[in-house]
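Across the two complexes that follow, subunit A remains constant while its partner is subunit B and subsequently subunit C.
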Partner chain A sequence: MTSIAERPREKTAPSPRAKRKSMKSMYPTWFYIPSAVLYIVLFAVPTFASFYFSLTRWTLFDSTFIGLDNFVTFFTEPMMFQSLINTFIYAFLTSGAKVVLGLALGVLLTGAILGRGYLRSTIFFPVLVSTIGVGVTFKVLMDPFDGLINKSLAAFGIDGPDWLTDPALAIYSIAIVDIWKGVGIATLIYIAGIVAIPQEYYEAAKVDGAGSWKNFWHITLPLVRPATATVVLLSLIGGLRSFELIWAMTRGGPGFSSDVIASVVYKQYQAGFYGLSTAGTVVLFLVVAAIIIPIQYLLTRRQVES
Partner chain B sequence: MKSSSTRRVLLASAGIVALAVPLAACSGGGSDDGTVEISFLTQNTGTNVEVAEALIEAFEAEHDDITVRLETQPAGTEGDNLIKTKLATGEMEDVFYYNSGSLFQAMNPDQNLVPLDDEPWVDDLIDTMTPVVSTENGIYGAPFGATQAGAVVYNKKVYADLGLEVPTSWDEFAANNEAIKAAGIAPVIQTYGDTWTSQLFILGDFGNVLAQDPDWAEEYTAAERKYVDEPALQGFTNQQTGFEAGWWNEDFASALYDDGARMVATGEGAHYPILTGIVSTFQQNYPDELENIGVFPLPAQNAEDTKLTVWLPNAVYIPKTTEGDKLEAAKTFIEFLNSPGGCEIQTTVMVPSGPFATSACTLPDDVPGLLKDMQPYFDEGNTNPALEFLSPIKGPNLENITVEVGSGIRSAEDGAALYDEDVVKQAQQLGLEGW
Partner chain C sequence: MTLTRTITTADTKGRIPRADRRPMTVRRFLRRYLLGIVAILVSIVVFIVPFVFIFLTAAKNPQESSLLEFSLPQQGWYLWENFLTVLQTRDFILVRAFVNSTILTVASVAIMVVLAAMVGYVLQRRKSRWNHLINFFVLAGLIVPPAVVPTIWVMQGLGLFKTMPGMILIEVTFGLSFCILLFRAFVATIPRELDEAATIDGAGPIRLFFRVVLPLLKPVVITVIVVQAVAVFNDFTNPLYFLPGEANATVQVTLYSFSSQNLTEWNLLFMDILLITIPPLIMYIFFNRQIVAGMTSGAVKG
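Here is the complex of A and B:
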């Protein structure tokens, strides 16, 4: 506290940089303190503590330093490979579907159609509902025998699949629900992106005799690239660290067939392997970073070029 | 200039204090009027809450100067976590109800719990109960509730209609199942919607394992025995056999524990391998069917190895954070559990799932048929404790592995090998020798 208070204030020792800074910010540095305290106590300290605890065998009561053993154990977990694959399937599937569907819905809902406001809110509505609530609801709907989905299919003479209890299908069933729930955000971002495209382009294209397909392909699509980048990044990060929906619907089951990294970590935590699960979160952090940083670089660079 | 800077410091400090005050307000408490209030934590599953409420009412009637506040929390792995977190942060209730055996050991009792060696009820405990609530340094828990068996609960009407007899060996069990299947009834009920129920083929077979190899549990703790080898592998093999023979109910993958109780009570299914604690569900939901439900141990391959696998009751504990008047009150409360008044609650409000683990409580004469079926095994010494009471090792993923074996996703050998790998983490976490 005191060291912060006694630090020479920018006004008394002006340098060109400090001058620019003080001109830019209309609030005193003090205003940062409450949020800085919160950030340090609730975010920075736990983050760095977790790096340390990931190197220990930790029972909450005491911890023993064991070097990188937790990481070795984590990667030799029998179901680790499967859950890694599942994480990627889930993330890329939901992200891809949200881009395609979000763009399609975005184009549709910026056009002159009947009931546009109603449709916009309907599509956005699932975003507002609690993920756990959605998971529990769909678990009931997707019940192979008593669920509404299979009962409805049966009415048309279709023998519905075991959505959540077939090990080959479970992760895809959850992904479908995730897409249904998350596409509203993607649509919203695309609507904003499409609305921001200046009308002049379309007018000029009309003069040149372009149809609506050409309009979409040569004007809308290239110019919503910033929106695409946002949707891809957000949904990919969300997909890679996805947990609540999977936990509410299958708990990673049947067996381990819909486990993702986050659910493996959670199960280890539940079992009381606190050091091991902390190592798992560090791994998850690195995986997300390793995938997102290059993609972000790629997407933003192209944006600059265009 | 200076004053404004001071004011800013003050404001900032006030802000920090404002953030910290609600945290500090969490601690503290106590009363001045001579009465002591203690808190009692139980699990919110089944009839636990009703039992606890009845118990507190009876206790408060006997002790004017003590009031008990009831707190609840989930059972299962979620509850395990909460218990450990509360103990580690010193936020545990004054008295709490939790598992005995391996989960008790995982609480680090010597460091976290109050030893209860000098309490009057200690001498009443049966020989097998004492070790599962003790460490080398003393006894820490008092049993609450009765023992239960992990065995096959079956519908006696189905057996009578088809003229079947209680099987004592696996082959007889298999023959019964084929006859039941031919009659259009699901021979064996499995409910993988509640994953923990899938473990009974392995956990409930342990009595039979011990009959074939009396040292198995100790050797297992010392990393000398494995599930991939016989006799322990048999439990996994049996489960695989059941799936391949088509014994399961159609909706086994999504059915829940309550569905299983319904099926066996109404005769939609014949056998349900489960813990006999299910008797309280029958009592509540199917009181008229109670006498049509019986129980027998999971059969071993040879009839002479068939033993009833018994779970010892959960217990109540006092954390080290309970001190002074509260500690005395907490001890009085625990003493009450094993007094005539406490026993009455345990036998009337809580339907006993088996014999008691303390001589202070005795079973009433009019027990459900399920318990009468168990009694001969106790009388003839044909019972063995479940593995979790003989070894601290219990891998967290067994229920997922048994779901896979029971659903045909993984073979019995693979499942057993995977489970052997799974327990290594637990053994290392506990700091056991030889792992």
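Here is the complex of A and C:
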């Protein structure tokens, strides 16, 4: 109660300096502190420490500096080098497919089509389902003999491949499941992008006599660039770091044929080679940075120019 | 503003596009209905069948489920029996896992929302030369893969490794960047005059934020809660690394260990998958619009 009586007195004659100070402290810097502490302790410090520990033989309690040995191992050991190649294959394949399918579905589902709401919800739902659940389910569905997919193909007289047990095919089979799970988010991003294109462009094009194909190439495709940038960046970041689906479906097998960097990191961690595992993290970090930074620069720069 | 757009996956209003008011030609008819019917059939085969397969296998007895057929249970429905059996497996580990996952999800999302809202708010309102640097760190948090073993090393030093509080803080840290971006974008839509009015009325910064600004952020808070709750609940990698051990198992880790052990009992495995799919499904049914808004933010502005 007393505070109410006091308040007007404070307000009646604020010195200019006090006022400026109070305006500034409306947005106190200490609001950053809790987040900053977490970010620094659990994210920034480990990231910087990883550059040092990747150069050591490490048991968590003591570390011996061994120079670049871990990286030499990583790039010369065939199974580890394979994981690097697989990471690229997997990331670019899933990203490319999500762009193409997402755009096609986005165009389809913004037009007048029967069951549009149903189709949107159905395509999106797998995004929310646990990756491990999806992986285990498709591992069963892709079984070469008992799996539903090959049984269905056999009904049409097609001899289905050994999806996950053929070393040359395993990584592609997992990529297909990744696309199945992730295409919904790409579609929704494209729908948002297409809906945002002003209708006037299409009306003007109609006056000029453009057909739907021309509309797509000359209006939709250039104007959904922000959506494309989002889809490409999100799916590449996800694809390069992907671990859960691969681990649930093949654990990098058969042999090492479907290993990616993230699964090698986990395997080396399990085996107790902490230095080598950390070197894998550093390689992954460098790969992500080397791919994402130029693409982000390219996509956002062109946008500014246009 | 991207966040205020409402792109629902289910168009309830059923707006008829302008083009459709023209007389129906054969071509238009084919385009609208034939294409639609083909798309629906394909979607059933590609997207619905796997989920029906999960449900049917979870409803079978062990012998029948081992055939992995896509068929109705011939030897009776065992949905309830399988449900009870899977709960009792390995001393009710699944029940404990659900409790753990719930604690982890609720605690980490609650902390994440408050901390990220505070950062997003100040970051948008206060123009300083540090903003560039902070924005850079936020983006880095989104892109850079976490360094796993060094993080374990740090957590061990702090006594947080293999503990639930440690795991909660990890989820908060890794989820912060995404939330900050959403909050920063939404705070920009709240007029500054409101802050000034509240300050002139005598509100301090804490009161201003928690009593005035945070309630106005409600739409984006719901979006963040729903999207992050699904993400944390479905997370497998982080609990695998930072929270090992039977007592602390989360539902995803339990599902993974089931899948690598009980290879003969497919009905129980698929019952587990079914149970784990239900929470996100409920979220999706009730918060469809918020989930879509959160996940498509940035689609228009890049």
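Note that in this section the second predicted complex is superposed on the first by the 279 of 306 C-alpha atoms of A that agree within 3 Å, B and C clash if a C-alpha of one lies under 4 Å from a C-alpha of the other, contacts with A are read in each partner's own complex, and residues count from 1 in each chain.
Assume a contact is a pair of C-beta atoms (placed from the backbone, for glycine too) under 8 Å apart; a residue touches a chain by one contact, two chains touch by 3 or more.
No experiment lies behind these values; they were computed from the predicted model shown.
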Exercise for the section: Could you check whether subunit B and subunit C clash or fit when both are placed on subunit A? Expected result: fit
Problem - subunit B versus subunit C as contact partner of A:D143, first or second or both or neither - result: both
Practice task
Considering only the touch criterion stated at the top, classify A:P28 as touching first (subunit B), second (subunit C), both, or neither.
Solution key: both
Practice task
Quick one: classify A:T59 as touching subunit B (first), subunit C (second), both or neither.
Solution key: first
Practice task
Examine A:T87 and indicate which partner it touches, taking first as subunit B and second as subunit C; both and neither are also allowed.
Solution key: neither
Handout entry: Partner chain(s) touched by A:S235 [first = subunit B, second = subunit C, both, neither]
Key = neither
Exercise for the section: Determine, for the superposed model, which of the two partners subunit B and subunit C contacts more residues of subunit A. Expected result: C
Practice task
Could you tell me if A:L119 is touching subunit B, subunit C, both of them or neither one (first, second, both, neither)?
Solution key: second
Practice task
Check the residue A:Y269 against both partner chains and state whether it touches subunit B (first), subunit C (second), both, or neither.
Solution key: both
Practice task
Would you check which partner chain A:S258 touches, where first means subunit B only, second means subunit C only, and both and neither mean what they say?
Solution key: neither
Problem - Touched partner set for A:L38, first subunit B, second subunit C, both or neither - result: both
Practice task
Could you grab the smallest C-alpha gap between subunit B and subunit C in the overlay, to the nearest Å?
Solution key: 5
Practice task
Take the contacts of subunit A with subunit B and those with subunit C, and give the residues found in both.
Solution key: 28, 34, 38, 60, 143, 269
Completion exercise
Interface with subunit B, subunit A side, in the complex: residues 1, 5, 28, 30, 33-34, 37-38, 57, 59-61, 73, 78-79, 143-145, 162, 164-165, 167, 251-257, 267-273, 276
Fill in the blank from the handout: The subunit C residues in contact with subunit A across the complex are 2, 5, 7-12, 16-17, 19-20, 31-33, 35-37, 39-40, 43, 46-51, 53-54, 67-68, 70, 115-116, 118-119, 121-122, 125-126, 134, 137, 141-156, 158, 169-170, 172-174, 176, 180, 195-196, 199-200, 202, 205, 208-209, 230, 233-234, 236-237, 240-241, 251-252, 255-256, 259, 266, 269-270, 273, 276-277, 280-281, 283-284, 288, 291-292, 295-296, 298-302
Handout entry: Parts of subunit A lying in touch with subunit C, wherever the complex brings them together
Key = 7, 10-11, 22-29, 31-32, 34-35, 38-39, 41-47, 49-50, 53, 58, 60, 108, 111-133, 136-141, 143, 146-148, 151, 180, 185, 188-193, 195-196, 225-227, 229-230, 237, 240-241, 243-244, 247-248, 262, 265-266, 269, 274, 277-278, 281-282, 284-285, 288-289, 292, 299-300, 303
Handout entry: In the complex with subunit A, residue positions of subunit B that touch it
Key = 5, 8-9, 11-13, 15-16, 19, 77-78, 80-81, 84-85, 87-88, 106, 108, 111-112, 192, 195, 250-251, 253-254, 396-397, 400-401, 403-404, 407, 409-410, 418, 421-422, 425-426, 428-429
